[in-house]
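Residue numbering begins at 1 within each chain, and the chains themselves are lettered A, B, C and D in the order written.
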Amino acid sequence: MLEELKKRVYEANMLLPKYGLVTFTWGNVSEIDRKAGLFAIKPSGVDYDLLTPEDIVIMDLDGNKVEGNYNPSSDTPTHLELYKAFRNIGGIVHTHSPWATSWAQAGRGIPCYGTTHADYMYGEIPCARCLTKEEIEHDYEKNTGHLIADLFKNLNYEAMPAVLCKNHGPFTWGRDARKAVHNAVVLEEVAKMAARCEQINSKVQPAPQELLDKHYYRKHGEDAYYGQKESRR
Amino acid sequence: MLEELKKRVYEANMLLPKYGLVTFTWGNVSEIDRKAGLFAIKPSGVDYDLLTPEDIVIMDLDGNKVEGNYNPSSDTPTHLELYKAFRNIGGIVHTHSPWATSWAQAGRGIPCYGTTHADYMYGEIPCARCLTKEEIEHDYEKNTGHLIADLFKNLNYEAMPAVLCKNHGPFTWGRDARKAVHNAVVLEEVAKMAARCEQINSKVQPAPQELLDKHYYRKHGEDAYYGQKESRR
Amino acid sequence: MLEELKKRVYEANMLLPKYGLVTFTWGNVSEIDRKAGLFAIKPSGVDYDLLTPEDIVIMDLDGNKVEGNYNPSSDTPTHLELYKAFRNIGGIVHTHSPWATSWAQAGRGIPCYGTTHADYMYGEIPCARCLTKEEIEHDYEKNTGHLIADLFKNLNYEAMPAVLCKNHGPFTWGRDARKAVHNAVVLEEVAKMAARCEQINSKVQPAPQELLDKHYYRKHGEDAYYGQKESRR
Amino acid sequence: MLEELKKRVYEANMLLPKYGLVTFTWGNVSEIDRKAGLFAIKPSGVDYDLLTPEDIVIMDLDGNKVEGNYNPSSDTPTHLELYKAFRNIGGIVHTHSPWATSWAQAGRGIPCYGTTHADYMYGEIPCARCLTKEEIEHDYEKNTGHLIADLFKNLNYEAMPAVLCKNHGPFTWGRDARKAVHNAVVLEEVAKMAARCEQINSKVQPAPQELLDKHYYRKHGEDAYYGQKESRR
């Protein structure tokens, strides 16, 4: 079973270079097996060209390494906190994808300017504040997870599967690792178009609420009619 | 005959990833057989990597599925309205191509700044208003088609084979599916250059009317002299 | 001998898609044989995917087709005028490459902001005015050539192998077709960096004259020391 | 031993086109053998498509060619000065990579807006002033090296392995040629995201000092915990 999980996480990680979301080792994907209480994650600093399924590291929910020859991603404590806070998610992605990271560096959430965004993410993609000096110096990665979880106390993490961390970059999630990568691709595309949109019209306003509702619910929930029935979430 | 139509529509759909116009399943192409009163369209939400000619769906002009194992594209009612309104077109494309979509999100038509644009599209590419709450909530996709048709009451759809839908994205058309894809590629290139052009010179004015006339009629109509005679429209 | 010329022009044309300078058929390359008084040019509107050396058209300097099954590029009269005006050039390229075309549409010359530009082009790349209504309506392509030749009465066409035509796009030239394509690639790169440079610093000034001199003469003329001796111009 | 050095320098040079950092011959990589007092560098103006390990030129630290059929890169005197000034580096890269060059042309250092930057470069990437007329006209390339060395009298070249030269382009370095190329890739990515970040938020401020410290020391020095122990610097 762990072999299957490692293979899935390996394959989801390999989608990051395929979709142009990573330079060098700047990204990581994990997936959790909720029943076993274990999650699999990319090893830290290993080149995508050299990565194999066997290199994937297995962690428990106390942050102990259960299996693997390598150190896990340095962002592992962030993944762990998110799995604890968001009980219905199965996969998490962190990248430094250039457009999403540019928004994160700018310290701005991404307004919803159109249906491409609304099809996947319900409303403005939030940007979490920078951590304080104390939060940075002690348990930095864990505090990153806490900060995101705090921010989502007033947000529905299932309807908004993405966050920007100020001065850092994005995290996305989904029901499994592959779906979380899918959302990372969407985020990058949406971030690109929102930036260009503001350059084309510096007074642009977010799309009206009724359009957001229409597109989000066209793809999600009981009345969804996009795609084929069996493939809908 | 339907097999031939499905093959043509399949091939035209596969040009979208080839030209970088789609991410995931964010686009669809259709072509109509006017004599048979049927059109063929991409199935909804099926990956381009997995698409085959057999997956293409055949619809009649009342919106009934005539053949196919899948649901047709969720944008099918928009295609249908456009085929009814624009009697001389044979193919339609919808994408979320990034530059055209950025203009659509910005809610601006694309001014004609040069001959690349004028060679294919006669004047400013229009941007249709956002639908009203009522239009969104009931028959959204059909109303999108109506809105475009209304907008073109004062425009020549053969001389302007493209439109932007505010907060959404572009539609293009042509005498067949392949030509409609061709226009989608042109639109994306023109949208990119117009945005950059405005950044280079914030006071830029549209190209003079006589240049638009020259370039458009160099390629279209009786006095056209671009290309080889047999390949001209 | 014509076969050799056609082959060279074919190969130079095929460099345009290789370097990402053309979409569809939006570009053409020619080369002249000064002794024979003939030049070879791409046929009009023929896809690069389908182009063969046999398709290249041979023209004389009176504008008559000497050999070839196709019509020559519709821009042929412009090439012809440039070959007459610029006696030392051997090849000409026209494209709608996106960054250079964005500057042309903006109606601005490209200031020399650095050594990448200065290595190849001595000073600001000029932008020719838009043609008048009369010039557009009669002998448009020939008048484009005249306008460029006029503009260069006060410029050294060997030190400045590129021009932008307002609302249209760029022409470049060189001692042969391949070198002209080389300059088209340089122009596109320089146009891209100049636009971005102005966004990063809206008050940027052109590079100082002494740096332009240094870099231009490092590569050109008697005291050149860049590259290997035999490959210098 | 020289064969091994030439092979390493050849391979590092070939990474430049792989990572999209060079057009034509606009870049060069060198590596030094400190014990032998020799360094290997790309020949001047030789196409990457044609480059072989045998073409790499060996130079001594007095600027004499020790081995090689070609002239060394015209930037060789700059490399030489940097090897003299920065005693712990083993490799140097010069490119005209578009984003970094756009900042250099703009004459601005690149502020540290986030952790992607902070992971590799400690603080703002400096931009050296343009050389004076006298410095340009005599020993230009050597003076470029002096200028950089001067600028780093107040900077730690190991913590800041990159510099921009105004109106010109970037140099990067590292413990060997491959690491220097790695830093050139990072610089280009960071330059791109900083430019976009400023467009998204024109009032953006650099990341707080404690975040820079955290990320830099997460990857460098005794307390580093990113990656696998054996692969850390």
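List of remarks:
Criterion: a residue touches a chain if its C-beta (ideal position, glycine included) is under 8 Å from a C-beta of that chain, and two chains touch if they have at least 3 such contacts.
Predicted model only: the values in this text are computed from it and were never measured.
Separation between the centroids of chain C and chain D, computed from CA atoms only, is 33 Å. Chain A and chain C have CA centres that are 46 Å apart.
Listed for chain B are residues 198-199, each touching two or more other chains. Shown here, the protein chains touch around one cycle, each chain meeting exactly two partners. Of all possible chain pairs, the ones that touch are A-B, A-D, B-C, C-D. The part of chain B that touches chain C in the complex is made up of residues 113-116, 182, 185-186, 189, 192-194, 196-201, 204, 207-208, 210-211, 214, 218, 225-229, 231. For chain A in complex with chain D, the residues that touch the partner chain are 23-26, 43-46, 70-71, 74, 96, 98-99, 101-108, 130-131, 133, 136-137, 140, 167-169, 195, 198-199.
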